[in-house]
Amino acid sequence: MNFSFTSYLKRLRSILIGVLIISFLPSIFFGIAPLQSMKLWEYTIENRKYSLFPDIFDKFFYSMTIFFTALLLGLLVALLLTFLATLLPRPIKRAVYGFLTLLESLPDLFIVIALQVSAVYIFKKTGLLIANVSGAYDNRIFFFPILTLSVLPTIQLFKITFLLMKEEQNKPYITVARAMGLGNLYITLNHVFRNIMTSLFQYSKTIFVFMLSNLFILEYVFNLNGIMTIMLNTQGVSFIITVLFIAIPFSFLFEVMESYRGGLNVQKEDAA
Amino acid sequence: MIVRLLKQPQFLIGFLFIVSLILLSFIYPSIMDVQKESKFLYDENEVIVGVAPFSPKDMPPFGTDMNGKHLLYLVLEGAKYTILITLVITFLRIFFALFFSLFHRKSKSTFFDDIVQATLYIPTAILAYMFMVPLFVKDATEPMGMMTLIVVQCLILVGIGVPPLVSTFSEEIRSILAKDYIVSTFSLGSKKPYVYYKHVLPELSSKLLLLFAQQAIQTLILLAHLGVLAVFIGGSKTVMMGDIFNLTPATISLSGEWAGIIGQSYQKLLTAPWIILVPLSFFAFTIFSINLMIQGIQNSLESNKS
Amino acid sequence: MSNRLLEINNLNIAFGSGKNVFNAVTDLSLSVSKGQTAALIGESGSGKSVTSLSVLKILPANGRAESGSIRFDDKEILQMTEKEMQKIRGNEISMIFQDAIASLNPAMKVGIQITEGLKYHKQIAKSELRTVALSLLEQVGFHNPAHIFDQYPSQLSGGMKQRILIAMAISCRPKLIIADEPTTALDVTIQRQVLDLIADYKIREDASVLMITHDFGVVAEYADWVYVMFGGRIVESGDVFTIFNNPIHPYTKGLIGCIPSMESDSERLKSVYDYSFEEAGYKGRKFAPETYSMESKVYHAPSSLIEVEPGHYVRLFDENEVTIVG
């Protein structure tokens, strides 16, 4: 672990410049100044004005709660499924993989809408309200958004761990472990899973970025009032602030992960 | 390369699905005499028993939309626009990104890097929305015609995708240039343009097809997202709908691509979900066939290596 | 009770199924006596490693032992269940692999990896595991075992990793060690050190070693009995002195001829290929197989091992199959 604070600051500077460019490009292209009527710290949803502070903290934490709970849930389920998949015979494994490709092709929008519609359908048919499927301004829902948001990362993580698993099981050290007389279960849990978790790290950035995009669609369709809704409805300075709210913690995470991974790579190069 | 790809069953299936969808889209509405609309449903005595929208149960196979237009017709009609727009956008993205990364490398392009760093945290749909909204405002004040609008919109969607691709390409080129055989080529005295032309581009080209497919998927998803946000390719017009007592304004997509179908009925999601789910499933199937093609490409690349 | 610890008879190993069957090992018989070192020598692809994996029943998923028998300590290994095998692996037979760099889990401290076998096979208290591991590390020549214990494989050199693997292999005091080209990945200066470690263990514990190698130098120094393997078959076997003093099969001659000699001042180093066109037969019969390069197709006519002098076997084509040639 060799986290460097200066490189984090450099990254932040780069993000800030990027957001500045992006936020002013539209007005440059189309010659329209950001809406004059809007005050600096305001955003509008359906023609009603809200003040950015202190709303944004509340919404930020709401969105992040959903985000990370869903991520954690997805990871746990994916690992569990991978473990179960190892117990399956070979031909079924291939079928599972094909099925995963099919599931992975579903756009996030499709999953969000399909789940919402089916929850409403079940409610209409049986009167059983599984969960609240739409948020009102001051009525926060957690269960259903988390469930929905976790579907796609679960599929993706499952597919990745599934592939990694296949790769790991053919590595020489597994043969060595078997030659030492260790049991299959022990090898899977103690060797294979440990190494999968390390490799999984390098996919984390892709998954985070992908999930942020999902989070936006989720908030829009479920009418949740989270940070992404603010980002959609702001311009100029308040837009930059909103983006930074997400960028600062997430870029910190990325920086830490990359430095950790860099550390591992250096070790590997030493060995070679 | 292409012959080998066609030997991959997965690639072939995906490819055939997309090609037949486009062909069907051109042929079906013009050649076959299809019933395009049914606004009302009559019983044996010619008494009206139902008003659009009809569910797939009432009007197989897919039901109708709010105006009684058959979804099967709409979806097939829209397929050509959706897929062609996607292909054009994807092609232009790759083309410009390749162009920039080949000629822009010396300055270490911090401009692109900064933008890429920032776009990581902004969902692409929001990014596109930011550019589209001022465009519509401008279009409202000084109309620019549907074709111009489509071209500008496509350019926006191209522009959004280019910076991340440039950084992907630059990284790829850097890793190719770092390979031993390139170093040895340089040490034997070859010039840079020669190495780029003879070694870097051929090695990049195998990855290009893969990237093209992945970009196409991303473009499709972005289009769907924009549809939900009521940003339609080709613009929209507002019409009055409903019966005389209950007039409501509704926005209608002009180009008829799938995202437009989704967007114009999005508000009716809970009353008539099939209007949204049918075009969405077509999105899903198209993406699935592209995924199959990707799988096929990867298989053939792997067999190429070994 | 015989003196033979490991006895393999007429073993056939095949990979794949249907049309793609590939016979990796054909009609292989060998034995390792107690307290002895047997060497299995041959070029890469001749089926040496597959033989060793089959002794532990850890062949890759598409490979299987089709017929024959493998007896260890008078028990038939091919008939054992997976549970029974687990008790033998690592505990009574252990293996040292050739690729030390890939054979250790990169994400696990080496000390922990050494103790895994112990934890599994012997009833040792958790608190004592570390002490045992440290003494094992010392046995394989580390002067600062406590430091090494907490290292990850990537922090060690190739020779150190190979010694860790040896420590793992001897941790449960097995009766038989299979060393699958233990020195291939190492540089020449370390090779001797590693081989001596294995030889030391053999003498200390009165264990047996099955040494798999392609280096006749190693065989000359450490082995008691030699099996020369080519194309999945044994082509010549005998005790080490016979094989070196009186090699009969041209392939064996070729291998021995490849060792550069200090005395001769020939301009060119010899290769096995130089011997492959030797048309001479032995007592009117032709040597099997005919060509001694893996690049060309091997002619698999019926052939058998013939005892040419007591304890010295050579593979020749069956009498009626091929007639000879000068």
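Labels A, B and C are assigned to the chains in the order they are written; within every chain, residues are numbered from 1.
The criterion applied here is as follows: a residue touches a chain if its C-beta (ideal position, glycine included) is under 8 Å from a C-beta of that chain, and two chains touch if they have at least 3 such contacts.
None of these values were measured; they are calculated from a predicted model.
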item: Pair exhibiting more inter-chain C-beta contacts, A-C or A-B; value: A-B
item: Most centrally placed chain, judged by C-alpha centres; value: A
item: Geometric centre distance via CA averages, chain C-chain B, whole Å; value: 59
item: Separation of chain A from chain C, taking each centre as the mean of its C-alpha atoms, in whole Å; value: 50
item: Between chain A and chain B, centroid-to-centroid distance (C-alpha), Å; value: 22
item: Residues of chain A touching chain C in the complex; value: 171-173, 175-183, 186, 190-191, 194-195, 198, 267-268, 270-271
item: Residues of chain A defined as touching chain B within the complex; value: 11, 14-19, 21-23, 25-27, 29-32, 101-102, 104-110, 113-114, 116-117, 120-121, 209, 212-213, 215-217, 220-221, 228, 231-232, 235, 239, 243, 246-247, 250-251
item: Touching residues on chain C, where the partner in the complex is chain A; value: 53, 56, 58, 85-91, 94-95, 97, 99, 101-108, 116-117, 120-121, 152-155, 165, 168
item: Residues on chain B engaged by chain A in the complex (per definition of touch); value: 110-111, 113-127, 129-131, 133-135, 137-138, 220-221, 224-225, 228-229, 269-270, 273, 276-277, 280-281, 283-285, 287-288, 290-292, 295
